[in-house]
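Each structure below appears as structure tokens.
Okay, so chain A shows up in both of these, paired with chain B first and chain C after.
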Partner chain A sequence: MPATGPCRRPEIAWRVIDGEAIVVNPRSGLVYPFNPVATRCWELADGSRSEEAIIDTIVEEFDAPAEQVRQDMRGFFQMLHEKGLIQPTQGSS
Partner chain B sequence: MQTRVSLAIADLPVTVLDDAPEPSEWLTERCKAFHRATPDRADGSAIAIHRDASFTLALDETVVDLSHESGAFSVRGVDFHMQRRRCGLPIEVTAHPEAGLAGILRWAVGLRLIETGGLLVHGMAYVFDGSGVLAAGPSGRGKSTLSRLIRERVHLLTDETAAVRFVGEAPVVYSTPFAGELGLVSGPASAMLESLLFLSHAPEHCFEKVGAADATAKLLGCVFAPLAGGAWLDTCLATAERVARSVPTYAFGFRPEPDVWEKLSDACHRAVPSS
Partner chain C sequence: MGACGSCSGGGCGSGGTPIQIGKPQESSAGRVIWSGTGEPGAGADQIIGVGLGERLEQSVPNAGIRVESPEAKEALRRLFMKVEEKKIPLWTHIDLTYKCNTDCIHCYCQHLDSSFGGAYDKKDLTTQEVIHLLDQLADAGALNLTLSGGELFVRKDFFEIAFYASREKHFALTLYSNGTLINERMADRLAELAPVAIEISLLGATAEVHDAIVQRPGSFDRVVRAVGLLRSRGISVVLKTSIMQPNFHQADEMARLAQTLGSRTYRSTIEITPRNDGNTGVMQYQLTDAQMLDYLARDFPSPWPYTEPVPLEEARQKTTCGTGTVACYISPYGDVYPCIQLLISMGNIRDRAFKEIWEAPSDLRRKLEQIQSYGDLPDCKTCEYVQLCNRCHGLAYLETGDLTACYKLALRMAKAKTQVNAAVGTQQG
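Now for the complex of A and B:
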């Protein structure tokens, strides 16, 4: 079934260490250390949830101002796209 | 005429078979301390290099194709093409007549270290009072500078490229013949790894503890070769985490002054006399 939301690219290697993901893009060889919020977001980005659904979950789980979290998460997803770490969602251009 | 030399690098047997008309000076002289008596067979330790005058130099970046499931890999460098069809078979290399042996061997050793649970790391390393310290960093972070500043006080393992492997549960840091600016090749030597540092230049000396996740990421950034994909990359990640969890890890910013040893000894060797 095609992904309906942000989905980690299968070739990306990652590992969660003490609650923080280390993500490696084999195409660029670049290593990305994620903080706990970004790590949770990354874990949820399996293609089964929309970007908004993931952000809602993050807002629920982390004790932080909702609007700030939403803004940060949108920027984070943008970065994931730009760095080629997640694949385009169905219907996106 | 073929050059045949057996080496042991970080306790890995490496048999070089090179059909270059003249033996490599790097291999026969600079690597001399790493030579070992060899069984006369070409097994998985062998790296067979065929020099080809018609080899076309590549202008783009190194292309790496790894398939860890069978242990097969292919590396296309600027002046060589290296491949292994599966684990246990010799590594076959076609190379330009002028291709440097050190560059070829560094790839081969780096890959074989990964599959045996080790890492080849951009870093200077030394032994003091039986304790091994690995100070890792990409180019320009001060490996040669630090090596120059402390070489009279420690046994320097390498100024540029160290190997890390586990002996049982203990991480061990090894010298390698892949020297840096100082051209120092200490010969085969190793020590239990007691501290892992990540180097940078700074206006003042400073030590800062680094957590396991950050240390893993920093160490991955210093691994020689391939963050190129597949299960090799997963293995790299797992080994980097294992190393990072095994020893204290610090970010070490330093200024290039002789008193850097006092700072290092305070942090890593506790109350060691400074003179």
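Now for the complex of A and C:
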């Protein structure tokens, strides 16, 4: 079934250590340390949730100012796309 | 695959002599974080052997929602401190088999599987045993997984294991191979697998020399073809050489050939180590002191980087490798070791869960925990060569039976480095 929201590329390597992920793009060899918010977002990005649904979850779980989080999250998803860490999706809102 | 500088490609990074095409050679024993990092097109794709605390600056781009690069660097540094504190085996090396289709004269592997003519009735882990092990390693926090052998491609289930490791358990894979079994179809599957790198042994600049070392005619041509197949599919290839008596005269040509073939990095080591059963016969291929000096003093492929001498009290504070803390090695028979060189078994995964083995208190663990710096070792704390020495506890153990003893090959190399360093210093001064 095609992904409906942001979806981690299958070949991307990652491990969560104490709530913080180390993410490796094997094609570029680049290493990305994610903070707890980015890590949660990454865990949720399995293709089954839309970008907005993920953002809503983050706002709820981290009790942060909604507008600020939304803005940061959009930038974060943009970065994930640019760095080839997530794959293009169908119908992400 | 023979003793191809395994250490320099693994978690420890202290064993080999990384030589970076177009980059300064490292003189310190920085731990290798990843086999390769670098923004394609930014001229940095040759950066390898990223040493913790030394090379982060070059390797870590803006990350996640941290928009400032210094924040990202600091985040990674902090994460690695946690990894060390919690003894997470972030770098894990599994030899899937010691069976091999070549027979390198300097190989350190002693296969024990009687079905392959080995001396004992030890059997390689089955597919299901490896899969179960990968589950446990992922739970333990392992991320960078090196799969090697023997020749790993002789295992019929290699792709089943590798895809499970990558797609189901999200490991970053590095593969070591002799390159001779890679054909078009395999190269296609490897491209799909997307390992961080495939490291291949290059043991001569000509078929005559390479094939004589691996004792299989036609191997050199197959290696050259394999590198082409992998590179044309965008797979990162690292060629590496054990420099020894039979190929010393081609040292420069091998580095040039690696560059021509498109190796992202060429890595060489002058360490020919005893076999893993303690047999020291292979050490006859080690370079002489004069050859070592000659090799280290060359300007090609990269000139010796001068290191300002520091007082002994300061030099001996240098940290030793992270064996038994952030790296581990598992043999084809399921034995767990602190690293590929320190062959004191901590237990077997056929008897106990990995976590239980890794976390169990033991004399070995206590001993390793007591060794944080060179100053904690009886011979090293007064040694005049400590600053430029890259010792290995495991090889000291294989040489002498005492992991805290002086590692004699490191002493020979440290003497040569000290001489070269002094000469470069005089020239520069």
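Everything that follows uses one rule, which is that the second predicted complex is superposed on the first by the 90 of 93 C-alpha atoms of A that agree within 3 Å, B and C clash if a C-alpha of one lies under 4 Å from a C-alpha of the other, contacts with A are read in each partner's own complex, and residues count from 1 in each chain.
Going forward, contacts are C-beta pairs under 8 Å (C-beta built on N, C-alpha and C of every residue); 3 or more make two chains touch, one makes a residue touch a chain.
Every value quoted in this text rests on a predicted model; they were computed, and no experiment measured them.
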Q.
After the alignment on chain A, I want to confirm one thing: do chain B and chain C clash, or do they fit together?
A. clash
Q.
Between chain B and chain C, whom does A:66 touch in the aligned arrangement: first, second, both, or neither?
A. neither
(Q) According to the stated criteria, A:10 is in contact with first (chain B), second (chain C), both, or neither; which is it? (A) second
Q) Which of the two partners, first being chain B and second being chain C, lies in contact with A:75: first, second, both, or neither? A) second
**Q.** Superposed model, chain A: greater residue contact from chain B or chain C
**A.** C
Q. After superposition on the shared chain, which partner residues are touched by A:26: those of chain B (first), chain C (second), both, or neither?
A. both
Q. Who does A:38 touch here: chain B (first), chain C (second), both, or neither?
A. second
Q) Following superposition on the C-alpha atoms of chain A, which segment of chain C from the set 39-47, 93-101 or 129-137 overlaps chain B? A) 93-101
Q) Is there a shared patch on chain A that both chain B and chain C touch, and which residues make it up? A) 11, 13-15, 17-18, 20, 22, 24, 26, 29-33
Q. Hey, which residues of chain C end up touching chain A in the complex?
A. 33-40, 45, 59-67, 72, 75-76, 79, 82-83, 86, 88, 90, 138, 141-144, 166-167, 170-173, 193-197, 234, 236
Q) Which chain A residues qualify as touching chain C in the complex? A) 10-15, 17-18, 20, 22-24, 26-35, 37-39, 72-73, 75-76, 79, 83
Q) Okay, in this complex, where on chain A does chain B touch? A) 11, 13-15, 17-22, 24, 26, 29-33
Q: Can you check the complex and tell me which residues of chain B touch chain A?
A: 211-214, 216-217, 220-221, 226-230, 233-234, 236-238, 241, 244
